[in-house]
Amino acid sequence: MADSKTKVNIKTSAPKSSSAQRASNGASSSTAMRLLNVEAMYGSFRAVNDVTLDIEAKSVTAFIGPSGCGKTTLLRTLNRMHETLPGATVKGSIQVGGTDLYDPSVDPVRVRRSIGMVFQKPNPFPAMSIAQNVSSGLRLSGTKSKRDVAEIVEESLRKAALWDEVKDKLNEPGVSLSGGQQQRLCIARTIAVEPEIVLMDEPCSALDPLATLKIEELIGELKTRFTIVIVTHNMQQAARVSDTTAFFNMGADRGGYLVETGPTNKIFTNPSNKLTEDYIAGRFG
Amino acid sequence: MIIVATLVAITLVLLEQTSVLWSFVDPLTFLTSGGWSEVESPAGEITASYGALPMLWGTLVTSIIGILVAAPVGIAAAIYLVEIAPKRLAIILTFLVEVVAAIPSVVVGLWALSELSPRLRDSIEWWIASTLGRVVPWLSEDSSNPANSSVFRAGIVLAIMVTPLVSALSREVIRSVPQSLREGLVGMGATKWETIRLVILPTARAGLISAVILAFGRAIGETVAVVLVIGGGATLIPPSLFQPGSTLAGQIAISYGDAGTVGKGALAGLGLVLLGLTLVLSTLARLMLSRSNRQGRS
Amino acid sequence: MRTNRIMLRIIQVATFVAVLPVFLILIAILAKGLGTLDLAFLVNNPLDEQVGIANAIKGSLAMTGIALLISAPIGIAAAIFLNEYASTAVQRIGDTLVDILLGVPSIVAGLFIFLLVVPALGYNGYAGALALSVLMTPVVIRTTQEVLRLVPAGLREASLALGVPMWRTTIFVTCRTALSGILTGLVLALSRGIGETAPLLLTAQGSNDSVIDLGAPLSSMTIVIYNNTISSDPIKFAQAWTCALVLFAIALTLNVLIRFKTINSRVL
């Protein structure tokens, strides 16, 4: 069961939750996250301009757009990773469960326990075994009894569709797996701490097509339990995998801005914005 | 924690300074004269005369001799190991060159005193003294009683000790010359030597100079190996390279035991000069290295 | 071209010259040192009937060991601070300072402790250890820094993204990954410390006591070699060679250890 006292208090998608609070935010009951006028800066350079959008709960939202348009930067603001880079700042507000993640009283470490991230290049900890990797989030940020940990490791590996392949070698180093397996290991590690939202930054770009397919299938299963936001430069992947798509583009000031967002079907077949249409048709990017 | 590191560095310098008793010698005289004595009269009066010039001269000259030999040899060895030698030979030879650096300096000193010094004296020194030495006084020797220690031999010992450093640093610099430059020349039909001369050396120049400066800095700080071969306690600048001399480091090592109150101050003074030299050299080296970083990346 | 061949030949000869001293020194050490080497030499003390260097060996190990105990925590902590927590400006200052410390001649370190500690406490082993740690700490800092830099940023990010606080990330992820490299750095510092003579002369001075008392003058292998070398007694001179052999064997072992570890940790 999730250790809720270590997380930002997030209530998601239960239709019976207090609608008064939700109504005052103007959010629908199935919104996991609201972005309001979010901007991300590297020093004085504005990498992401004024983004306002809603992330729907227990679904997959894709950020697409040409390279350099700030999608990854924006993603990293969602779990307060952007600010770990020297000189990087964020403006605006990101609301999860009624709390602004960027409120001064909020501890970024706790934010990251509730919002997990899978990176482009699989990065299992080399000094740890497979089992240790999966449990690392638990062990390093809270205490669990040994029995609990073993159960959670197995459960997470099953949810990440990796259990069958590694159940006999849980003590082997995490880096001994293939690229696709390593990425699933990282996913297992991320979901082991039971975040509400999982962010994925081009999770398949370093993998071969077969491994990519496996991960895409996995995302389809995961979305019943987690809200997923995925950045991808592969349009077809976005079309296959996501429920909602947000299209970003690079402006004249080299900063990124949100062009259009909507249900994936609509974006890909009948976008409202001409730029979106051009991008989908491959006329640029 | 960084504060600790800072403090240590600064305290080092500061403390030495406060220990220098300038009441007897003024800085300029210290740096420009010789002599090393302190006498305390029964009445408690101290007459002291301390001059660092001979040691400064000794340190610089031995290190220069050392570098004059170590630089070409070290750089040439680096070129050979990186550009010419077949892989396996290179690995073995690299290891061997590095081993010298692993030998504790006192052991090198022992060997130099016992084996190298007499042999150098009877061969090279004798040869140069009897030819050029007839004409150039500072290359002469007293042929009836050739010295047991000499500045020249100390320089050679330094050369041996510092060559691995020059070689290691130069290897790094040469290796960082982009492959594309080499290929460009080879594609035009240049020989190995031409490639080295026309592309590799010029590109690596700043880095190599920095390596040499760093090695020079190492050489001036070397104490034991030098002091065993250069002779102890010469308080004046020797008339010839083939006579005993003294160095800043060596003088500290020899006279620390009998140092009186002023003497300790004089030692601190020597230390300051030594430290100052080291600082200047390492700054120079770093400047050169940053220049090479700016030019070398294509 | 003939120039080509001549120049290449010259370069080859130069390399040969660079390597030559190794053989000469090695052969000399073996030839002259093996003669007096026996178990008694290693186990006895200078005042025993059969002279030995046991006190010197213990002294070397003790002082270098204590120096490491001082240098390791300070050095590793400083490296962690510089690499993981410091801003770029502070990093640059720190790097410069470490460079300066690395370049301090060993005798100056000895002189520093000599002027600072010896007038009050006399020559003793602790002073010797202090002088050594002045020289060893920058080595630890530099090597630890370099290994920490090799840890991919992605690992730190993964840990932070899991909600692990920064200090825990640094200890349990970054350092754990860099561990073997850090240990190699410690061995490197150790090998520098054990070969030093000048600083110990000025601080521990040396003694013939068979009892190892760190609060009193202490001997080391390097001091023994030095003192025996400058003596006019041929027997002592021979013993200098033997002690040199022992010291060199230890130094070489440490050095080879380092090389093996470096090659292995390249896998990282």
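To keep things simple, chains are lettered A, B and C as they appear, and every chain counts its residues starting from 1.
The rule we apply is simple: a contact is a pair of C-beta atoms (placed from the backbone, for glycine too) under 8 Å apart; a residue touches a chain by one contact, two chains touch by 3 or more.
Since the model is a prediction, treat every value here as computed from it, not as a measurement.
Peer 1: Given which chains touch which, is the overall layout a line, a ring, a star, complete, or other?
Peer 2: Per interface graph, the chains form a line.
Peer 1: By count of C-beta pairs in contact, what is the leading chain pair?
Peer 2: More C-beta pairs are in contact between B-C than between any other chains.
Peer 1: Roughly how far is subunit A from subunit B, centre to centre by C-alpha average, rounded to an integer in Å?
Peer 2: 59
Peer 1: Measuring centre to centre with CA averages, how many angstrom lie between subunit B and subunit C?
Peer 2: 20
Peer 1: Mind checking the centre-to-centre distance between subunit A and subunit C? Centres are C-alpha means, answer in whole Å.
Peer 2: From the centre of subunit A to the centre of subunit C is 49 Å.
Peer 1: On subunit A, where are the residues touching two or more other chains?
Peer 2: Not one residue of subunit A touches more than one other chain, so the list is empty.
Peer 1: For subunit B, write out the residues touching at least two other chains, lowest number first.
Peer 2: none
Peer 1: In their complex, what parts of subunit C are in touch with subunit B?
Peer 2: Answer in residue numbers: 1, 3-4, 7-8, 10-12, 14-15, 17-19, 21-22, 24-25, 28-29, 32, 74, 77-78, 80-82, 86, 90, 94, 96-101, 103-112, 114-116, 134, 137, 141, 191, 194-198, 201-202, 222, 225-226, 229-230, 237, 240-241, 244, 247-248, 251-252, 255, 259.
Peer 1: For subunit A, which residues count as touching subunit C in their complex?
Peer 2: 79, 81, 84, 86, 109-114, 116-117, 119, 121, 123, 125-128, 136-137, 140-141, 186, 189-190, 193
Peer 1: Enumerate the contact residues on subunit B facing subunit C in the complex.
Peer 2: 1-2, 4-6, 8-9, 12, 15-16, 19, 72-74, 76-77, 79-81, 84-85, 93, 95-100, 102-111, 113-115, 160, 163-164, 167, 191-194, 196-197, 217-218, 220-224, 228, 232, 249, 252-253, 256, 264, 267-268, 271, 274-275, 278-279, 281-282, 286
Peer 1: State the interface residues of subunit C toward subunit A in the complex, per the touch definition above.
Peer 2: 87-88, 152, 154-155, 157-165, 168-169, 172-173, 176-177, 179, 268
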